[in-house]
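Two complexes, one shared chain (chain A), two partners (chain B, chain C).
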Partner chain A sequence: MSDNEIILKALYDAVEQVNIDLPADQKLAKSPVTVLFGPGSSLDSLGLVNLIVAAEQKIDENMSVAISIADERAMSQKNSPFRTIQTLADYIDILVQEKTNA
Partner chain B sequence: MPDSPVMVITGTSKGIVKYLVGYYTDKGYRVAGCSRGETDYKIDNYRHFCLDVSSEDDVKKMFSAIRRDFGRLDALINNAGVASMNHSLLTPMSSVDKIFKTNLYGTFLFCREAARLMQTNKFGRIVNFATVATPLKLEGEALYASSKAAVVSLTEILARELADFGITVNAVGPTPVKTDLIKSVPVEKMDSLINRQAIRRYGEFRDISNAIDFFIQPESDFITGQVIYLGGV
Partner chain C sequence: MFIDFLKKIFDEAANNKALIWRDASFTYRQLLERLEYWQDYLKNENIAPGDAVTLEADFSPNAVAALLALIEHGCIVIPLTTPSQEKRKEFSKIAMRTAMIRLDSADNAAILHFDCKSDHKLYRVLRNIGHPGLVLFSSGSTGKSKAVVHDFSRLLVKYKIRRHNLRTLSFLLFDHIAGIDTLFYSLSNGSCLITADNRAPDTICHAIEKFRVEVLPVSPTFLNLLILSEAYNCHDLSSLKYITYGTEVMSEMTLKKCAKIFPGVTILQKYGTSEVGTLRSKSKSSDSAWVRIGGEGYQTRIIDGILQIKADSAMLGYLNAESPFTDDGWFVTGDMVEVDGDYMRILGRESEIINVGGQKVFPAEVENVIEQMPNITEAVVYGEKNPLVGQIVCARVTPGKTESLDELAIIIKSYCRRFLENYKVPVKISIAENNQHTDRFKKVRKNP
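Our next item is the complex of A and B:
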């Protein structure tokens, strides 16, 4: 399994955790194209915070790497890494590589 | 005791923390604590971590271990703090750096990591440490008091940000207690300070644990963003 696949699985685990508290019509699909942020997202700001926290914990548990996803760089990207599950996975992949190569 | 509640206490290996560790393990908590060095005591159901409270990596590793080994966190007592008595005109930046790193950055880091763990159970109690030096505007304590004023502000805003997660955030502002923190302060300075309290005596450890007990009891789920200054300050 590649790092990106492991990260996607961790994100799906995080989605499962966040879905527990979401109403049935707002639950997130475990798919790379699921929109997390901006138009088309069913998450409110607190829901996105919950998902990011859960994602960091799952990455730590599954890959033994402690990352901070919502850093200044993430916030200043022209294309938000929080747009979909896949864009978030790609951004986490970069953070994990930087952390493991440091 | 896999189902017993878990508490984190930050701070030095001596003084109030040794008392708090014993007090809360006796009450049935599993307690994790930290300081730069090892402790000079061994208490059942206490686990010690050696770290710098302002180091993000160290603190994250501690909470990873707590999540892995305990699986829950019920209360955080953010006691770690350093004081420095000096006139502002004579205060070096190295002191400013040290005070703010421990008192503010450390408090923030532990609040953040604790809340991340607490929110999974939709329950948590955070108690930060303020000081009477802030409302008393003590001369010679400009940096210490202002770092703790920042802790009060942090407490009040985190209380709002974390309310939806079932987490309360409060602070206790102790009066002087006879610990290492005040050993270098002249006696007349301490007497003058104590004379400004409504109840004129040194604080005891039990005064602090009493205020903490109030904040962390389950019935206090409607108490958040508050600071209790001891001694009637």
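Our next item is the complex of A and C:
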């Protein structure tokens, strides 16, 4: 699997965890285009926080890289990394690469 | 002269047991003899009134006698019990001791003298009026330990009123305000103080049974461990009349369980701090966390939800920190409370409140819920910084039997969701690798 696929898989695992606590009609689909946060999303800010923490744990487990997704830098990106699963995966990819190249 | 009132009581109770230590009993007569021995010892060692002396000891006969002799001699006493040598070194340095008395496990004494410039404005206050002092270190479970300086003669005033003569177990430590309170309450009523070899639930229950203990003063964390250990099933604890608890927020679940396990026992909440001493208190009922506190020499008020106390026996100040008193002499406890008429309920330390997107979460409330789960022995809840919502709630748990973290996290979260608002449900869950409490049986809510 490429890094990108591993990251997507980690995000889907995280989605699965968050879905446990969401009502049936608000569960997130495991798809790159799923909207995470913003218009059209079923997650509130705490839901997003839960998803991010779960994703960090999964990345740590599967790639042995400890990253911190939600920090000042993520908040100051021109395009929010939290828009969709794909944008989040891309952002995580950058963080992972920085960590492993450091 | 400072302990004349105690000596009178000791004389009256000369044949009564004062202490049970290592299963052997010591009468008040023996304690008086030991006291005389220690008064001579201090003179022979050239300890002068006003000297700062560390007393590394526990509740042994010599420890109690040495403490009393040091008070009578007008010394500044710094009791130290902490097993950590590093801490003892740190505390001794802060307290600027000129001598150290150490009692070993056989209760034999050793003394060392130090060439130290033992000068501090609070020590000067005590030396000028010729009063003995007491230095205690605050627990430091939320930060750096602060050295609290008391005028010992003022602390002793409240023990001049005779109260109940009850056999009490000395669970709380010799270098802690609650331990000092237990000791002087017991001595000032000619009662018997029972010491246990260690603070494991089974040892404590064994001591209660063997010595027919009537009062058990403990911390909520210990009560939790006692309930989980089920040690109370293996011993006859029918002598118990009172269980008192304090020093941290009590989980209501623990309280209710405790009331059920000990139906004939009155369970009382105590309230005290190193800075102002222990107040008199009255719980609404054995299974209620609502309590009325105050008593002679104490006034209380609540400002912005935080308890403030004015005490005749308040400390003089800290050796290593700014004065925490308001301009008009009130001590700001940092404890957030809820009020209902005369009664109040302690919600938690202001400094431990977790702020999730502007909404307040008290760690104890979440711990209370998690600890109701069958497979959880202990839960510690704390906040972690988060740029999205300010802080998130994290829980570090000690499970009874091994489970995968993933599964455990799912079960805990869904359990919490049944009883707590969404923002109070822990986002991050981890498994504790070590004990989650200090040697004073107080929870450590530090972010690792």
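Definition applied: the second predicted complex is superposed on the first by the 102 of 102 C-alpha atoms of A that agree within 3 Å, B and C clash if a C-alpha of one lies under 4 Å from a C-alpha of the other, contacts with A are read in each partner's own complex, and residues count from 1 in each chain.
Definition applied: contacts are C-beta pairs under 8 Å (C-beta built on N, C-alpha and C of every residue); 3 or more make two chains touch, one makes a residue touch a chain.
Everything numeric here is computed off the predicted structure, so don't read it as measured data.
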Name the chain, either chain B or chain C, that contacts more residues of chain A. C
Taking the superposition as given, does A:53 touch the first partner, chain B, the second, chain C, both, or neither? both
Quick check for you: in the superposed arrangement, does A:29 touch first (chain B), second (chain C), both or neither? neither
Which partner does A:66 reach: the first (chain B), the second (chain C), both, or neither? first
Applying the document's definition of touch, where does A:94 land relative to chain B and chain C: first, second, both, or neither? neither
Considering only touches as defined above, state whether A:75 meets chain B (first), chain C (second), both or neither. second
Counting contacts the way the document defines them, which residues of chain A are shared by the two interfaces, the one with chain B and the one with chain C? 17, 46, 50, 53
Per the touch rule, the chain C residues reaching chain A in their complex are 356-357, 386-389, 392, 406, 409-410, 413-414, 417, 422-423, 427-428
Once bound in the complex, which stretches of chain A touch chain C? 17, 20-21, 45-46, 48-50, 52-53, 70-72, 74-75
Footprint of chain B on chain A - complex, ascending: 17, 46, 50, 53, 56-57, 60-61, 66, 68
Chain B residues within the chain A interface of the complex: 56-57, 60-61, 64, 67-68, 116, 119-120, 164
